[in-house]
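When the chains are written out, they are named A, B, C, D, E and F in that same order, and each has its own residue count from 1.
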Amino acid sequence: MRTADRQANQLRTVKLTRHYTCHAEGSVLVEFGNTKVICTASVEEKVPPFLKGKGEGWVTAEYGMLPRSTGSRMKRESAAGKQSGRTQEIQRLIGRSLRAVVDLKALGERQITIDCDVIQADGGTRTASITGAFVALTDAINTLIANGKLEQSPIREAVAAVSVGIVGSTPMLDLDYIEDSNCETDMNIVMTAAGKFIEVQGTAEGEAFSRQEMNQLLELAEAGIKDLLKLQQAALSV
Amino acid sequence: MRTADRQANQLRTVKLTRHYTCHAEGSVLVEFGNTKVICTASVEEKVPPFLKGKGEGWVTAEYGMLPRSTGSRMKRESAAGKQSGRTQEIQRLIGRSLRAVVDLKALGERQITIDCDVIQADGGTRTASITGAFVALTDAINTLIANGKLEQSPIREAVAAVSVGIVGSTPMLDLDYIEDSNCETDMNIVMTAAGKFIEVQGTAEGEAFSRQEMNQLLELAEAGIKDLLKLQQAALSV
Amino acid sequence: MRTADRQANQLRTVKLTRHYTCHAEGSVLVEFGNTKVICTASVEEKVPPFLKGKGEGWVTAEYGMLPRSTGSRMKRESAAGKQSGRTQEIQRLIGRSLRAVVDLKALGERQITIDCDVIQADGGTRTASITGAFVALTDAINTLIANGKLEQSPIREAVAAVSVGIVGSTPMLDLDYIEDSNCETDMNIVMTAAGKFIEVQGTAEGEAFSRQEMNQLLELAEAGIKDLLKLQQAALSV
Amino acid sequence: MRTADRQANQLRTVKLTRHYTCHAEGSVLVEFGNTKVICTASVEEKVPPFLKGKGEGWVTAEYGMLPRSTGSRMKRESAAGKQSGRTQEIQRLIGRSLRAVVDLKALGERQITIDCDVIQADGGTRTASITGAFVALTDAINTLIANGKLEQSPIREAVAAVSVGIVGSTPMLDLDYIEDSNCETDMNIVMTAAGKFIEVQGTAEGEAFSRQEMNQLLELAEAGIKDLLKLQQAALSV
Amino acid sequence: MRTADRQANQLRTVKLTRHYTCHAEGSVLVEFGNTKVICTASVEEKVPPFLKGKGEGWVTAEYGMLPRSTGSRMKRESAAGKQSGRTQEIQRLIGRSLRAVVDLKALGERQITIDCDVIQADGGTRTASITGAFVALTDAINTLIANGKLEQSPIREAVAAVSVGIVGSTPMLDLDYIEDSNCETDMNIVMTAAGKFIEVQGTAEGEAFSRQEMNQLLELAEAGIKDLLKLQQAALSV
Amino acid sequence: MRTADRQANQLRTVKLTRHYTCHAEGSVLVEFGNTKVICTASVEEKVPPFLKGKGEGWVTAEYGMLPRSTGSRMKRESAAGKQSGRTQEIQRLIGRSLRAVVDLKALGERQITIDCDVIQADGGTRTASITGAFVALTDAINTLIANGKLEQSPIREAVAAVSVGIVGSTPMLDLDYIEDSNCETDMNIVMTAAGKFIEVQGTAEGEAFSRQEMNQLLELAEAGIKDLLKLQQAALSV
């Protein structure tokens, strides 16, 4: 039995708080249990150099952790003078996941940057980030529509993400930090509302995993993401 | 008349929320109106190289702003590869202000790092940071006492800070972003519970200021800081 | 039909040239068609700080591309002053893949660094790197055994990697650069000799992919990696 | 009694040597006792990006110390790869102090950069820098007038700076390094010829300071700066 | 007697393999004994900012060593975040040497970048780089002529380079790593087909050298470079 | 005829001012005409890691230019975040030149760092630096002897340096900036009191140079350096 009496196939308590901060076009606090991430979406009326004059927009993401979002204090990346490989890997993943559900041509020549800043970490920060980022992105798009800058939404469908893993031989959904530290296999799944995959990233931390185990994990993830998609929809309908 | 019907000598609504995040030995969300800063205090049982073996502790601070804590998105300092001069100036100020009220010998050979991360900015982030950091520091010290690592608190007295400025010829307390952008003179005051100054930093943004104007500003600040000290005490007594 | 009359389920011509350079304990030129990577394994009798005194070894990897390994010249990362996120992501993947098949305790307190330097790129540089790196690592281990520093190999089993993808609706094995640029889904698979997975990284570049498509890709990859494992064995048996 | 038989309210011997180096539009060696700083003013017919096309000029400053300007050798900042927080804080202060006395519109779209390089340090390098920088700036402006690029000077009034502090309970003017290292309170004052303040930066190094002590320090500083303003005038009238 | 039965005035076996990699306009593997360098020439239809609109071209070089090109593994410069002084010194030398034989006006507004990447080092990497770079540059120029972008070659004459040194009192040609490590004087000579010098860089590693010794070294170098120029010509005539 | 009525074989006015600044163990202002460099020698009782415990000392150099030492303002290297290739090349040359005349074993386990900071540049800054650095080094050694830390000087002989070049077909000694900018060949020579060479660095800026021209330049340099060695001796004998 997991902490907080969770079943193996059960998500932690997930909360999506919109309008969390006041300046950004979209601003969401996403909580997966004790993991808390502020996702803001900022619209800029310009695109990166490689897109200039192509009539297309861009969606990108940056990721950071407050130094004491973790059990022991991490070195601040701005003081270290560079972002770690892990940080860059995660922000590339978030950006790809969001771009996969946006029609960049329909967005027009503007950029939306999603900042995902972890204020408290307890496992699953990247999947929580993607799940919250989608809501922030939607709010930013809606702001553009409300301001008459877009006629209709360039978002094709919703996207959410969850982690799954094999902990002590048991496949489990939405790992917290302790489970993640002890798991043999860790998998992050990004799936759309239509049930198709954008990313599947499975890593054997300890023992390698079989085709059969992978199938079990994918099924857990599919069910979990369907729940997350409903929670996003509920949050956005308020 | 200022926004939210404030008088010239009136603080914005100030809130100090302790235990805001779960990992740090001290964790406080400080709000001065729309300015919101997470202050965490992290204890490490080691000191910087220049203090090794001297039987003395250290208190230091780091400061950061989430990219969209501001009206338009700022470049993330970890992506830029360095901290701006402004960031370094502020974190040095916070560190000096806290060290001034701590008996570093009595702290013993350990370091407490205060991270002040602005999640929403509306003027006065450095003074809010100092005011909140003191509460986080106190909580961290109390944790050390509770764990038997310290017998009594090395904190000599409380410290808080506020900004004052001359806006349109009127001296005003606790400037918000719009007031700060339009002021002729901006002063940050750090004062202890005993009514003595740790820092006085006055800068003429437009016209230079006279001795008389400085005296008016100092009086406003003294009164404002006394109120902040009471709010700290109230928060810590819960 | 693919270039060079390849079938969809056919690897490019793969060559593994051992003892390619003279200084390293293991040195392999790996070629997947026009993709050419020099993999060297360097033994150092020290471990990173986090492992000191723990009686355990470490295997890590670094990755680089010569500036003109690609169709148009890339900026040299040492001149840019930092490694890109892509570079870091790849070298973390190579390192994890190799560590998954090595008993680090049995390796003893020493580090083996695998450098994978792409001298000519035509898609699949990361999977070629892993496949060649395993051979270089084995040679380095054999050098340690020949020098009496190890009694037996800490390698538990072989590992190889291949890319698969959906190009124009057809699942294909071992994508070259043109195929990779045009594929809808790109997947990198790292698998051991026992047929278990170490990494599965699938990304929808264009359209998201279904469970069924993923299964087809995994089957292609499993067959391809089995062939690569045989080629590794053949190279090592010379 | 202080070194060199100085009274508590007495400046060190101050020298301002104009035309110290030959290339810059303004070049001054300023000496406050053993503190020696080369201040050069460089005119460039362009402005920073944020001012382009606004018909306004800019005055900015950079600060540096030769590695062996100090008692023990400091690491060269160009070798370290970055400027310290202290360096950035000082150069921001010098820049702000000079801009406060210049009508940037009247300067026209050009930038004057003041470089303050300490060749020998004995306390008060930032206040000596401001005092010398004003003379270098004036010479650069006069060069622009002589070359017909400006009709009249955009300088509104003179500015100078001095440090004051409480050393062993005694308020003292213009601290040298030893006094500065032992002082309880250190204050840097930047004042204009009209007797108004541009910056007041007081820091309690040891014990916090009272309103009364601050008043004493301000009076010392006012008198000292008046003397410095006369010395500037004398140097410029040669 | 030297390794491999070489005479004091004898080059190592030199090989120049053209079309070594497939993407670059010129690509040469140069071998001086065990020293192996990949030289690629990349044409870009743009020039650095200082040459824009001047109707002139530019030839520049970059140099790198694979981490395990040497006896013990070197830190990767991209991971270190900067190029060493030695790297920059060498790439400036290669660039100057090539520019000296090219009519930059006749090249037109385009840049050719020569990348010299050492895959195996055994002394003389910079002289091998220059010798191979000239062949790669010629191939790139010939590509431009073949594509109709240039009518005739802007190369004025050939250039090659060799190291000479005094090892145990004997002047020797083309030092390998062991000889280089033990030599008293080390000299790198860059000479054109007309027998004139572009660079002469002599350094006393141990004892200083006399005019007479310098003359002996220059004679050795002249003969060696004449042989290298013939080998370049032979390679280019295939 | 050159500026200031100099003959082709004549040095500019050379001055060596010892004890130029007060903190360093050796501090010399060296002037070659309008070129002015502050050379300080700093003794530290420690050696770099690669020499620890070997009973040997180290002599090294760092070089810098004040931003406005030149005709137009250069970017400050500490602000740029790195030293240019030219800076590193020069400081390596100065360090090698000094080490060549010092018995590092006799120096003992300590390091002497020579900082050469150009405050005014008019050609020949590297040769002026070497010439002045030797005097500063000698003063630092003499300080060590005076303090009883060394019994006798580890300096084997004096060293000085000069530039020579072919300007408009005429070989000339000690080029100033204008001559250097217009010369076809530029050569820097470092020579010891015994008349032997430590460094000979000749570069064809325009046309390549012949053996005969090189001989003429070497003769000019030999005579010039003999004069510089006398001036060093005279300065040190005061």
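Rule of thumb we're sticking to: a contact is a pair of C-beta atoms (placed from the backbone, for glycine too) under 8 Å apart; a residue touches a chain by one contact, two chains touch by 3 or more.
Here's who's who by UniProt: A, B, C, D, E, F = Ribonuclease PH.
Nothing here was measured: the structure is a model prediction, and the numbers come from that model.
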From subunit B, what is the lowest number of touch steps before subunit E is reached?
3
Examine where the copies subunit E and subunit F touch and state whether the two sides share over half of their residue numbers (same) or under half (different).
same
Farthest from subunit A by Cα centre, which chain is it? Let me know.
F
Report, in whole Å, the distance between the mean C-alpha point of subunit C and the mean C-alpha point of subunit E.
33
Return the distance between the CA-based centres of subunit B and subunit D, expressed in whole Å.
28
For subunit B and subunit F, let me know how many angstrom lie between their CA-based centres, rounded off.
50
Where subunit F touches two or more other chains at once, the residues are 81-83
Could you give the sequence of chains met when travelling the ring from subunit A by way of subunit C?
A, C, E, F, D, B
In their complex, what parts of subunit E are in touch with subunit C?
21-24, 27, 34, 36, 38, 40, 42, 44, 62, 64, 66-73, 76-83, 87, 113, 115, 117, 119-121
Please name which positions on subunit C make contact with subunit A in the complex.
82-86, 88-89, 91-92, 96, 100, 187, 191-192, 194-204, 207-211, 214, 218
